[in-house]
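Below, subunit A partners subunit B and then partners subunit C, in two separate complexes.
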Partner chain A sequence: MTLKRFSQQEVVFAIFVVLFAAFALFLPGFATTQNMLTLLQNVAVLGILGLAMALVVIGRGIDISLIAALAVPPGLVLQMVQDGYSLPLSIAVALALALAFGLVNGWLIAYAEVPSLFATLATGLLLAGLGQASLFKLDVVQWSDGMKGFEHLGQGSVLGIPTPIIAFAAVCIVVALLLRNTRIGAYVYAIGDNPYGARVTGIPSRPIIVLQYVLAALIGCFAGFVLAASVNSMPTRIFNSTLIYDVILVVVLGGIGLSGGRGGVLNVIIGTLLIGTMLNGMTIMDISYSGQNLIKGMVLLAAVIADSFLNPRNEETAQQGDI
Partner chain B sequence: MTDNVIEFRKATKLYAGVPAINEVDFQLRRGEIHALVGENGAGKSTLSKALAGVVTLTSGQLLINGAEVAPKTPLEARHLGVAMVFQENSLVPTMTVAQNLFLGQERFYNRLRGIYIAAQQFLQSLNFDVPPTATVSLLGAAKKQMVEIARAVLHQAQVIIFDEPTASLTPEEKAYFFDLVRDLKKRGVSIIFISHALEEALLLADRITVLRDGKHVVTDDVANFDRARIVQAMVGRDLSNTLYGKRKTEVRRAGERILSVQNLKMAPMVKNNSLSVFAGQITGVFGLVGAGRTETFKIVAGVLKRDFFHGGEILLNGKPVRYRVPAPAVQAGVAYVTEDRKVEGFFETMSIARNIYLGLLSKFPGGRFLLSSNEAQKTGDDWISRLKVRAISPKAKVVELSGGNQQKVVIAKSLTQEPDLIIFDEPTRGVDVGAIVEIHELINRLADEGKAVVVISSYLPEILALSDRILVSRQGKVVEEFSALDATEEKIMYAAIH
Partner chain C sequence: MFNTKSRIAAFFVGAGLAACAAVPAFAQQGLDEPFQASFKKALEGKTIGYVPVAMNFDLTEGWFAGVKKELEPYGVKVVVRDPNWSTSAGAQALTTLISEKPAAIIVHNPDVQTYAKLMQRAEKEGIYIIQVNMGSVYRSAAFVGANWIEIGERNANAVIKACQGKSNKVAIVQGALSAATSAYTLKGVENVFAKHPEIKVVSSQAADWDAAKAKAITQTVLKQNPDLCGIVGFWDGMDIGTAAAVKEAGLTGKVFVATSGGGERKGACELVKSGAFDLDVSYDVPTQAADMAGMIKWLLSSGIKPSEAKGSIYTTLTDITKDNADSQTACWNLSDLKK
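Here is the complex of A and B:
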């Protein structure tokens, strides 16, 4: 009678364990230390982006412009260094750009009350277009000698752990502390749970919403630094890729409801692990890019359907108008 | 046996193992109006939802016209001749009346002119004065209800369930609605009428069934009931004297003038409204739906904005204020306890303690950058015991509580902010009888402590039982003021209507 209700994160974690075990058993070359490190390294950027997205989604928003924040400010660093500016100055300018970008997003959503989907869709296009049209000379912004030392962020290691993994872990801890243990975090959950209620309670909703998008842009920019340092360049065409869907996949798959107020850093980690294992396994099996998309799509559908079977929505939640 | 259109036999519905209704027997006779009354959570809605196919019974039988059935969707129930008019309007607001009537029955080629003509004829046959080409969102509450009823009749329902049909209606609209229901009865339709308003049940019904805690208590002809007996059956104890019956014999004296509103305007709801609120007493604000009471006080609390030009003045403690959002109003000591706690009140995914703690955080953020689970726990426990919130633990989620306990949590959230001016908007709407008494005691205590308290209510006995001073609002402004000592229901209603 009293069947235990599994939450989506438990279901996804179970799928991850099964998948991981299956790959380890049947896929030669999967369960090696080297491959594990590669796996984690490859998903670190995705995971950091997932954290930025989670911060916004928990507050009942969405940030489609994350990839622009990932590509353009770090690309600017490479370009400026190439043009002869010093590295610290370039980084400062890039961070200022990301900050300004987050402020614009936040202002549009909180004060001009543009729905987050449209606001960030537009600003993302704008920033990416700006970068490609006037900031960068080539689609792939190249590494230059002035960047020396910066590659440690993507290629170095501390005690044998690659730095991207450390970067991911660090952002995890910062975001987790922010969400769980600070007043800001409590406000974010409150706004995501019930925006009208949060307002009436006297929570400064609008500054908090702006802060969410500023943090998302800054974290996105940080992910871009890690990416650029790993591949020694910034391929700005990444904006045209399906990366943003992978980010949303991580967040939704991990169990952070798009209707806000639910989930946390743990969900992002679980979502990232599953996606990372899948991508890694499929790469070892040499499945084509379109085949990978097909499988990702099916996994997302399966997770969503499983969730709606295990946790049927009652009239109470149905009235909340999930996105 | 065939006398009964509907019969429930030992109907039980469990939600996560907890019975919402427990072995309920219920019969609805053909062509009768049967009122279903009980406290919140007594199982009225669950019983009718089982009938309307919204939920399915865990065990027990449902017989329609003597045949056992188990409708799984509202559509199946509709085919069995059962229609439900929901508390929340189930019409599509952007469509016209005619489109709503024929929703789900359109032909493949949906000729609008055709359905307008058909709808016109149909509405005329029912004597309903609703234009079929009007967009539903522009209609008043009563007209929307007419469309819902018309739709039920159009679907040839033998049984129509009304869930709190009169909650949003003005008295004239109510009278009209009652005529409609009686007319339906003449057509041989059987009606289940769920209501909190006992007077209405007594006025309208042929028989009354009282439910309590998911169990059937009593069913009898209306002639054998009076108010006291229903209340007695509902709560199992005699509350009728302590609740609304008692009249004030003395009133609190007005303290300082805390709030003064002058010529406040917000088109189209508030028109040149002027009023004052004093410390140390309860100011009751009565008015019919659309009188602009809620809007006026929402402007005071910063939830709504007044007109930009010629918007009038609000003086708080003598100083002019203009809040664009609620946060600065909260800082200034104004608390607004909403009439719609689900939309504007509590945070449903969070625990009771967290809900209350958020109120504290947003008023006194200083030095609370890091959350303290200790403080949250203590604040939660403290208010739970002060307001007698009944829950398994402070960690229980608010959404799992009954209406009365939810309301207490919302009130506690505001009281942690130590407000000087507290605005209660319909403080006991959807609250069970026991909690009403406790919330009324609390409101009285706040006034005794010297706070300025405003109670907005559409329920006259509540206004009379609580207020020291009564403001009557009509068409966007306060038109009369009474002392509680010389106010009567007749006087207040007269001021509110004319």
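Here is the complex of A and C:
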């Protein structure tokens, strides 16, 4: 019976520890400082996106349009600079676009009361389509000389720590402070736990929901900046990839239930670390792509099964519905 | 004797004078070239369908612009159906196009199998099929494109050369596993490495044509093998990430990065100049477009039946290195091609 006290977060953390220990023991070259930094750097963008998603999921929503916010505004920066505009102006326009995008998402969900899954599915397609049709000349927006200096956000390091990791840490701190130490954070949890109850008690739930999606879009845009700076281009086709599933995976695997009201930044970090460790270890072992997918699937299944054994559904959890 | 000679001379002089008089007469009347009218008639008002895997990237935009530039002056309409990376949307687009009965369809296959039956049907109905860069199992009137095996071999040979006297450790960054272009290139690389047992492939992974994934893989590999001497990448659009990882590790110039692509200036020459790539094997897109347009001109004017002709135009590959990256001809600009 004591086993029951383990939450999914702890189960995933345990799997992470076991995997990490196994790799460290049996895989030469894994447990080095340099490799740890690489591991973190490689999942930093995924982690930042996970934080944006967590913010929304805790408030009982979901943001499928996150990858559009990652691809389009930063892509616009590269395109504008390529066309001869100054870097600060381009960044300002991109942030304004991300802000407007978040407002549209939030308005649709909070005021027009469209379910978040459908609203963000549609707006994501809209933004990606807009980018492809009228903003970008090519799918991959290339770096140009005017971007000089911007690459430090994704390359290079401060005190030996690669900047994407610092970016991830910074967003972690901001989101953690927001969720734990501000009234807004408390409201987000309240809305996620019981939206109707929250409204009855006088919480301004609609503006808070709008704020969640605006923040998610801005964080997504920031992740895009890091990604673009890191690979010296913006492959806007990333919108068509399965990245959004990885983001949801990080959040859910870390133990933030899609039913809302639970979890926090720590869960995202744990989810991100597990994915990062698996990817890094399998790359070192040079496992084939199909083999990697197989192993990834098995570890995820193990996590889900372990969770449903340790935390069987009851009246309360069953009511909260999954997607 | 004398008499005969002078007669002959007189004849020639007379004939010469007559010819002189006749030439201006010819010039005034002009001479009709007997074949151009039928050529123009064969092309005038025809429609060419174009089904790429997706628009909006250098290769497919370049082909479209190049083919249009060559054929539109003859009154040929080029219509594009963009399936945006969806194979089923592409099959649907092809089916609709066939019912619209264009004179020819340019097909960029997503794989070797999916469109094969459809292309066969189109040729049965009298539509020429030109396949570009990625051939399917069905041989149609023409295939225009790169020889992926050769690309793999060239890249592998360049890496081996760069590795001489070094660690002989190399990495391979493949494209997507489902793409035959990636598998063909890998075959070429394997062909070469099989002859060089001293080469040790420390990593051979698929990065899904994704620059971020390519960077992540390369970073990990470089941390494990800092003495790596070369990397064979499968597409320059993805290997921006590979090169970024090499640069971040401070190994630019020490790790030879070989890749391939369509030779667009920003994606190829600029990156070779900056030192990101040491070799970019280019299947020059404007040449491929011109080859396709040439094929279409020939097929339409020949009146040959679609199923009767089957041939290939493999693109002559160009190595883009530091030596020629500066030249005007090594790369092309999409904006110039669209003018």
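By definition in this document, the second predicted complex is superposed on the first by the 311 of 323 C-alpha atoms of A that agree within 3 Å, B and C clash if a C-alpha of one lies under 4 Å from a C-alpha of the other, contacts with A are read in each partner's own complex, and residues count from 1 in each chain.
Basically, a contact is a pair of C-beta atoms (placed from the backbone, for glycine too) under 8 Å apart; a residue touches a chain by one contact, two chains touch by 3 or more.
Being a predicted model, the structure only gives us computed values, none of them experimental.
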Contacts of A:298 with subunit B and subunit C, given as first, second, both or neither: neither
Subunit B versus subunit C as contact partner of A:173, first or second or both or neither: neither
Which superposed partner A:29 touches (first subunit B, second subunit C, both, neither): second
First (subunit B), second (subunit C), both or neither touched by A:230: second
First, second, both or neither for A:92, with subunit B first and subunit C second: neither
Touched partner set for A:204, first subunit B, second subunit C, both or neither: first
Partner chain(s) touched by A:14 [first = subunit B, second = subunit C, both, neither]: neither
First (subunit B), second (subunit C), both or neither touched by A:142: second
Residues on subunit C engaged by subunit A in the complex (per definition of touch): 54, 56-58, 61, 84-85, 177, 202-206, 208, 210-212, 215-217, 219-221, 223-224, 237, 240-241, 243-244, 247-248, 266-267, 270, 276, 334-335
Subunit A - residues contacting subunit C, complex: 29, 32, 34-35, 38-39, 41-42, 45, 132, 136-140, 142, 144, 155-156, 162, 227, 230-233, 235, 237-238, 240-241, 279-280, 283-284, 286, 288-290
In the complex with subunit B, residue positions of subunit A that touch it: 1-2, 180-187, 189-190, 193-194, 196-206, 261-262, 315-316, 319-320
Complex interface listing, subunit B residues touching subunit A: 16-17, 54, 88, 301, 303, 325-327, 329-331, 336, 338, 342-350, 354, 357-359, 361-363, 365, 368-371, 399, 413-414, 417
